[in-house]
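What follows is one structure encoded as structure tokens, with my remarks underneath.
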Amino acid sequence: MASEETRAIEAILMVAEEPVEPQLLGQLLEMSPKKVEALCAELADAYEADDRGFVLVRVAGGYRFQSHPDLAPYVERFVLEGQSARLSAAALETLAIVAYKQPVSRAQVSAIRGVNADAVMRTLQVRGYVEEVARDPGPGQAVLYGTSRLFLERLGLDSLDNLPPLAEFVPGPEVMEALEQGLRAEAD
Amino acid sequence: MPYEVSTSVFEGPFDLLLHLITSEQVDVYEVSLSRIVDGYLAELDRMDHLDLDVATEFLLIAATLIELKTKRLLPGHDDTDLDEELQLYAERDTLLARLLECKTFKDAAADLERMARLAGRSHPRMAGLEERFIDVAPDILAGVTPADLANALVRALTPKPVPRVDLDHVAPIRASVRDALEELVIELPRAGRTTFRHLTGHHRERLEVIVRFLAVLELYKRGLVDIDQAGNFGELQIAWVGPAEGDREDLSTADMYD
Amino acid sequence: MASEETRAIEAILMVAEEPVEPQLLGQLLEMSPKKVEALCAELADAYEADDRGFVLVRVAGGYRFQSHPDLAPYVERFVLEGQSARLSAAALETLAIVAYKQPVSRAQVSAIRGVNADAVMRTLQVRGYVEEVARDPGPGQAVLYGTSRLFLERLGLDSLDNLPPLAEFVPGPEVMEALEQGLRAEAD
């Protein structure tokens, strides 16, 4: 029978997007970082003994789950054949919004696209094209995102100033009218 | 005050009516139409800012309720013609059906919320790809030029076709409120003093009557007419108190319905 | 000794950001979706038997890892951010109508609710619970809406077939009677 603390560590690491430091885990579970380290070592051993397809590793000062290195060929196939094509059009639009509207929150990106953009934003972040740049000073302190240096490099741009100017792409009058109509309907 | 309810809670007329009826539900046989109608009208009264879309629905239902109440108050009142009576029952049945539908979805919504709350206790793993696989994944920027990016932005900003169709059932009402205002601004100064019944005499459709009613209310709000009612369900007396005939500057009142 | 296929499933799910369909897993592992489903069921059972702090669930047509619901208090302490704001009663009711009546137009939703539903529908769309699924073939070609994958994920449903039948919510005879009584025109 696994202890509550051990199970809580598994639960937290399962949902964490970044390695979690033993100090933080200790704080959440009201135990010493030393104890956390001991429990994590036990867990890692148990996964290995059970021959699981994942490992619990210590990386960048924290713990996280990873796929087992043995299984990299399968993961690579998944990455190549999996979800990519479906994402690309949406990803490019989302990236364009961040590039031109930065700093911008996820909620703002979703509002502009008219669909939830969380998943796409996460992908762009993992890719390293988009990064957190600030916090909204207003209530809620939403994280604000901008494009990264890698993004500029990949596009062969020196700086954001070299992005094609937006004015060239200002929508024509019929589009503006449609927009206004849409806004008016919303204000009703 | 039997119904301490705030309008903001009620999203729509069915919502309000459902609440009024089911809060009466202590004993089925004590449900009182009279009190429901009073509660409903009190609530309407409290809505200081009546959105036209919303108001029309509310008023249609209020009209049906009042008719039902009148019927109940006047047992054996048999000089109404059979057609009218049948129409009233048909309206009552429609209203009942819509109330039932509304209640069904309300309960379904409560269940969805319960499911979402339960599911929300279990959080998904969203960590995504480990760094070592990122180079393997197809790169969305492969072969993309700055111009492609700008085009993607235009695509993102171009509004998807706004489904205007949805407002079509409302649009003609707006137009006719404006029309009705224009007609009344001419008609009323000439008549001086008249009754609502007279003003709507040649309008057979319920909607037309309501549109004229809204127009009269608008004029009243603007201080152009006085409204007087001789007791409950008495004739509505309407008197023009605006500028004399021919002076049309106040037609701007219609602007808000553009 | 766990099979290579089983371990590969674990590895892939560990890096996936969305539920992974058994078809895709089958394709990557060169086995039938049926076999994938059997292996996933075994894994889920093993985690439960081992009293792990995570679960393998089937949701929105695919499989994914989630934290164990028991451990919500710990996980919630950890993930303060990213918890989506709760939906208003109006939004929930509108969502229920879309869920059960899809594909459905905004006008139809408005008619059922007795109020204009445009603003609420737009909110649900931006939140990602509702999306355009088709166009009415009739005159006017109204946009028809349905619920999204995110909706299934948030409700923990595998598919729309798992929604409780609407008939379960039709008011019982007492309510019917109360409504009828309330609107009876005859003198008491």
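Things to note:
Chains here go by letter, A, B and C, matching the order in which they are written, and residues are numbered from 1 within each.
The criterion applied here is as follows: contacts are C-beta pairs under 8 Å (C-beta built on N, C-alpha and C of every residue); 3 or more make two chains touch, one makes a residue touch a chain.
Keep in mind the model is a prediction, meaning the values are calculated, not measured.
When each chain is reduced to the mean of its CA atoms, the one lying nearest the mean of all protein CA atoms is C.
Placing every chain at the mean of its C-alpha atoms, the farthest one from chain B is found to be A.
Judged by contacting C-beta pairs, the busier of the interfaces A-B and B-C is B-C. Separation between the centroids of chain A and chain C, computed from CA atoms only, is 22 Å. Between chain A and chain B the centroid-to-centroid distance comes to 43 Å (mean Cα coordinates, whole Å).
One finds 31 Å separating the Cα centroids of chain B and chain C. Each of the following residues of chain C touches two or more other chains: 14-17, 54, 65-68, 75, 79, 116, 118. Counting partners per residue, chain B has 53, 123-130, 133, 160-161, 167 as the residues that reach two or more other chains.
Considering their complex, residues 1-2, 6-12, 14-18, 20, 24, 27-29, 46, 50-54, 65-68, 70-71, 74-75, 77-79, 81, 116, 118-119, 122, 125-128, 131, 148, 150 of chain C touch chain A.
Interface residues of chain B facing chain C in the complex, by the touch rule stated above, are 11-15, 20-22, 24-25, 28-29, 31-33, 36, 53-54, 57, 61, 65, 67-68, 71-73, 75, 88-89, 92, 95-96, 98-113, 115-116, 118-130, 133, 160-161, 163, 165-170.
Residues of chain A touching chain B in their complex: 11, 14-18, 64-67, 72, 75-76, 79-80, 84-85, 87-88, 91-97, 99-100, 112-114, 122-123, 126-129, 151, 154-157, 162-164, 166, 168-169, 171, 175, 178-179, 181-182, 185, 188. Put simply, chain B touches chain A in their complex at residues 51, 53, 123-130, 132-134, 136-141, 144-162, 164, 167.
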